[in-house]
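Each of the next two complexes has subunit A plus one more chain, namely subunit B in the first and subunit C in the second.
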Partner chain A sequence: MKKYIIILMILLIVGLSSVSAISLDEADKILGTIDTSRNFTGTDFSAVMTMISEDPETGIEKKKVQQFRRDDEEMFLMLFIEPAVEKGQGYLNIGENLWFYDPQSRKFNHTSMKESFGGTDAKNSDFGASSLGDDYKVNTVKEGKLGKYNVYIMDLEEKNSEVTYPAVKIWVTRSSNLILKSEDYSATGRLMRTSLFPSYAKVADKYLATKMIFVDELIDGKKTQISITDISSKDLPDSIFTKSYVERVNH
Partner chain B sequence: MNILKISLRNVTRQKKRSFLLGGAIAFGMFIIITVGSFTTGITETLKANFTSIMGGHIYILGTETLDSGRVVQRIGDTGNLEEAVKTIDDMVAEYHVRSQVNQAEIIFGSKSANMQLSGVKWDEELQLKDTLIITDGSLDNVDSKGALLIPEKIAEKLDVLPGESVLVRMDTVTGQKNVGEFTVAAIVQEQSGFSFISAGYTGMAYLNELIGLGPDEYQYLNINLKDISRMDDVAARLTNELAKTSLIAVADDSADGERKRGHSMMFGGMFSGSSAEPWDGTKFAVTTLNDLMEPVLQLVNILNIVSLVLFIILMIITMVGLINTFRMVLIERTREIGTMRAVGMHRGSIRSIFLMEALFLSLFGALGGIMLSLLVTGITGLIKFTSDSPLGLFLNNGRLQFITNPVSAIAVVLLLSIMTLLAVYLPAKKAAKLNVVDALRAQY
Partner chain C sequence: MNFKKLNIGFIILLLIIGSVFSQGIASPDEDLFGSEDPSLINTDENSLFGSDESIETILDEDAVFGSEDSEEISPVESDNLVQEVTDNQMNDLGSVLLTSDSGVDFGGNFFFDTSSTWTGFDLEDLAGSSITDNLSLDLGATVFLDARPDEDTRVFVKTEITSPFYTTTERKFEDIVTITELFADFNWNKQVFFRAGKQTVNWGVGYFFSPADLLSLSRIDPENPDADLDGPIALKVNYPSKLNNYYFYTVFPAEISCYSDIAIAPLAEFVVGNTEVSLGAYYQYDHAPSAMTAITTVLGDVSVYGEGYASYGSDKTFVADNGFSTVTYNDTLFYKATVGASYSWSDDLSNYNLSFSGQYYYNGEGYSNPDLVNMTSPEIMSLLTSESISTSDLVETGRHYGAVSAGWREMWGSDLSLSIFYIENFSSFSGMIKPSISWNGLDNIDISLSVSRMFGDPGEEYSMSGSISSISLGVSIGGTSF
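Showing the complex of A and B:
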């Protein structure tokens, strides 16, 4: 009898430990909090991104990108600085329009937030304003651990078809609502990409992931690491978020 | 008959001179016949290649607006379309529907490659089955879910064999990321001329599932006509029928014209994804093989014009040579002309001898040029190019095709004959008008 009571108590403890301490509504609110903490509202943002892509077929590639953001107006500009062959290429986002600029042809071509950024494992949507609260709803949430951190593990489902991945699983720190890990799933439920955010910096009351790792789960050995440096929240001239600026920078 | 015999004898009297003049004419003929054969050959080859890869002569593409304002490539409104197609039924050999992913990434282990992936209804695509050349595997189980046909180049790159499983990463019609698992059923030879577009095939039902289309929906309806020469008429009729019940994308002058965008979408072009003015139902864009080939046909026309201009310039130069030659001939044969006139030959006959001599020269030259052209094009047509040759688009089973149009050749020979007769007319007339006594007394 004693043995059964002990077993029952162990099972209860194990069961309780995986039961969420928060409701789905609260989890949905956390998504909104994540967006608020990641989006630079009321201020501009600029930084330099160093991207190292590893591809088993093409080897290792290094790129450097100058990033400018104005999240209040849904605008960003990403200009390639290195390597020389890609220097001057850029992605300009204004509202719902995203263009890719090629200095060789001097043309702006429409592209999509869902497309790969510069041929890496990152997507264009990874660099715009965060809108998890608008785009996803929480299906399940439970508490867990990721390394030494206590996290909420949330399964998210798309609210609209504008998102890149219909289903996402995120690991969010309980103390500060920072995403440490994200798994992106296809419509068929297959894991397509894992994103890791091992370090953050605080910039003007906002949290910015200063290191990001995107792992392609479909191709063995393919991943992209991004480091962010030279971070600034100083105001930027309006002219930066225009096509003419992109052309002027190049010619 | 004497005139003909005399003219023919005169041509062979001065062999070197006749050879040089005839050679110049032959060269001009060679240029124009060869270029004409080449342009006709590539036009026909291109038409055949496009028809094979596109699956038809007329292509109907549909777009719809979602509630979010996003424009997607989809024909959900199949009823109106199928009713419209029935009105041209008597001119249709075959029609079939397809879905397509322009940039599908096929993944095998740590290797990946991009290709165009078409979803087809195998029970309806008999012509496609016939044209595919299987190099490994078979089409026996091609109807099973997830069966995939991949081109040789892709199979080599991925080092994959029939029976093995691969993943294919693609975008849905709304641009979201998705991945499907497929089994390689067979490896096919690159479709002739399209080595720059690696194309794979799978069942439409499964592909629709992956890209977010309903089981009865599709993206293209392709029509094979019984008579390809009526392509534009049939397309116009079909467009008018469709316009009675549905929206039609109309070509306009701007670079953003939807019909032009339709062309580029068929070859993997980017789609902007949003529309300034959403619409209800499906908007159709009707494109023909001629529309797709328009840039090539323009190039072919330019080539033909250039070769014609070159031919005319060469012939003018040759005719100047011919005029000077026959002036010399007139001087050389003054006494001979006097003799012929003295024995009773009429002025008209003298004139005819000169004209016939020049005509024989040009005809022999023309014949020589045609023979040379047939020889060169025949030898060139035997050369087999590799499947990844940049000429791939213009190859028929790996070879350039030359088609000599007999009507065009005859027309050119006639033109040449007229030019020759015109060039030689004045010297011939002068020869005919020579005074008999003066001609006999000439000391040349």
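Showing the complex of A and C:
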């Protein structure tokens, strides 16, 4: 009997030890690795995003956006190509500045990374360089599984107030440190949004989510799916990341 | 023996439970979005991250929105989570949006607005009010042609067509069809960019008032601050340098007869941190030279802006202190300044989409004594009749102005929106307050109801007929972009 109890305890310890197989420091390092693998350092990046939004109130909407990124210099430009009513609207980010361009008034206005991107469930901050390591610390980490993937499940807490969500829970593949899922929480701990990343592309040794699904957890049935195509890591002219370029491509 | 079997079974059971517990797969949220979900976007995590199948197409966009070009990708990992993308971009990416497949694009906006206005409500004697009504119709469109034969060349023309579509002695053809923009873009070595022709120019950053906008031919309408402003005929030379922009404008008046009619206007824009600063100047022979500065920044979640303006002399003709003669100032410094802020906020459920914008404006060309420019005074009427002064000289006659707007869009998630607009000339204490409510519950139809209260003495800037109230019902039908 005593032998079985010892075996039982050993097995329980072994079983439970997998709940937290890595330390918080190691988990923090994984955040840095995620940033490194997702940011296009040393190269530019461009793609076309197709956004399908479902809203119980307004129905289904499709938007198409041309995206340009230069993570080395904290710059991106997102220009709406479709629909016609939004064509020419754009977000230009240079360092600490994020401007929204309205082709109707021909004016640039400062806006915030925390704002909704074009009225969808995506936020402006979803499209810039990744800075999880700078913005969050890992509070808990455990091993788990999401579908067929072995993952780390990490609870993150904000390090600064600049972030869009104060608390985030992420599911990260153990083999390649790719985020498959995240839950975004408000300061009061309310689940605001669930994001799913079921498909990635490897571009110039960097990883890019090519399918993103954002589910609004506050409004039932409201969600947005983003598909990314026409991906390129070719160098972009400096002139793209200027107000002048935004004005020249517009009507 | 039976006891041993029982214990082994117990251990296996514990292991299974422990394993399941450790893997966290039992989270019920993965079954939240099952097959009964009628949505086009599949959020079922079992199908997205399932064990048996590769990642499937999440949304059949082709079936809903027509076929899209597929990208050239090939799986490089057995689980298909990651696919390697071949960079198949052959074009210069900078030119992607600067050219079009057809070479020429057409587009524009259509509007069909009706408005019924009942004016003359006397709040102190409603029963005795003498009410007049008016019905107006705005039918028209803006149409643009955007020709881009190659990435370095572009010709753009934008026209506005408004009803009624016939001419009279008072309404000429150019009132029906207006060329709002007509310009060509070209560049030198993709480093210096040129725009030649009639073009919209926005130098200022003010929302309701913009004294630093030295080039626009029209002023901001505070009641419709997002509307296009009429721009000049000019050659714009732009040299972008990283965060900064340098411009040089050569401005041509619509009717030109000699070189001295041409004006020059340099402008530089600098970005420092999260602040943008502009410095510009305007010079034309025989006119008052002027300079401007504008600044925009963000303080927390509040956008803040300011403008400064100075001119040596003024191109306006002023009413003299005696009230019945005019005077001009050629060697006096005039200053104008404005500060403003805007803020928007929305709660988590989007029940409260609130926005606020406010601005103060000091106008150094304004009159400290508003009685001098009261439109009911016989002296002013005499000066206008004799053309000693023009109506354009009698715009913005106050020294101090303020304007505020606040809005609550889609109240509690409904189709109703509420807004209020307030403006006042603090020199003459005339102004207007206008609350309105709008409803857009039907596709392509917007209905709005507003109550306007003009206050101040008769003849003042915002109260030509004295303190008076009006109610307007507006219906916008089929307005759209194409």
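As a convention for this text, the second predicted complex is superposed on the first by the 234 of 251 C-alpha atoms of A that agree within 3 Å, B and C clash if a C-alpha of one lies under 4 Å from a C-alpha of the other, contacts with A are read in each partner's own complex, and residues count from 1 in each chain.
Note that a contact is a pair of C-beta atoms (placed from the backbone, for glycine too) under 8 Å apart; a residue touches a chain by one contact, two chains touch by 3 or more.
Bear in mind that the values here come from a model prediction, so they are computed numbers and not experimental data.
Participant: Which partner does A:190 reach: the first (subunit B), the second (subunit C), both, or neither?
Facilitator: both
Participant: Could you look at A:220 and tell me whether it touches subunit B, subunit C, both or neither (first, second, both, neither)?
Facilitator: Once the two structures are laid over each other on A, A:220 reaches subunit B alone.
Participant: Based on the superposed arrangement, let me know which partner A:166 touches: subunit B (first), subunit C (second), both, or neither?
Facilitator: A:166 sits against subunit B, while subunit C stays out of touch.
Participant: Identify the partner contact of A:148: answer first if only subunit B is touched, second if only subunit C is, both if each is, neither if none is.
Facilitator: second
Participant: Counting only touches as set out at the top, which of subunit B and subunit C does A:112 meet: first, second, both, neither?
Facilitator: both
Participant: Between subunit B and subunit C, which one contacts more residues of subunit A in the superposed model?
Facilitator: C
Participant: Do subunit B and subunit C touch any of the same residues on subunit A, and if so, which?
Facilitator: 57, 96, 109-110, 112, 186, 190, 192, 218-219, 221.
Participant: Can you name the residues of subunit A that touch subunit C in the complex?
Facilitator: 4, 7-8, 11-12, 15-16, 18-19, 46, 50, 52, 54, 57, 60, 62, 66, 68, 79, 81, 84-85, 87, 94-97, 102, 104-107, 109-110, 112, 142-149, 153, 173, 176, 178, 180-181, 186, 190, 192, 194, 196, 198-204, 207-208, 210-211, 213, 215, 218-219, 221, 223-225, 227, 229-234, 236-240, 242-245, 248-249, 251
Participant: Can you check the complex and tell me which residues of subunit A touch subunit B?
Facilitator: Where subunit A meets subunit B, its residues are 56-57, 96, 109-112, 114, 160-166, 184, 186-188, 190, 192, 218-222.
Participant: Can you name the residues of subunit B that touch subunit A in the complex?
Facilitator: 66, 68, 70, 107, 109-112, 167, 169, 171-172, 174-180, 210, 212, 270, 272-274
Participant: Looking at the complex, which residues from subunit C come into contact with subunit A?
Facilitator: 4, 7, 10-11, 14-15, 18-19, 21-25, 29-30, 39-41, 43, 45-46, 48-52, 55, 58-59, 61, 64-65, 68-71, 73, 76, 79, 81-85, 87-89, 92-94, 96-98, 105, 107, 144, 146, 154, 156, 158, 185, 190-191, 193, 200, 202, 226-228, 238, 240, 242-243, 245, 269, 271, 273-274, 276, 296-298, 301, 303, 342, 348-350, 413, 480-482
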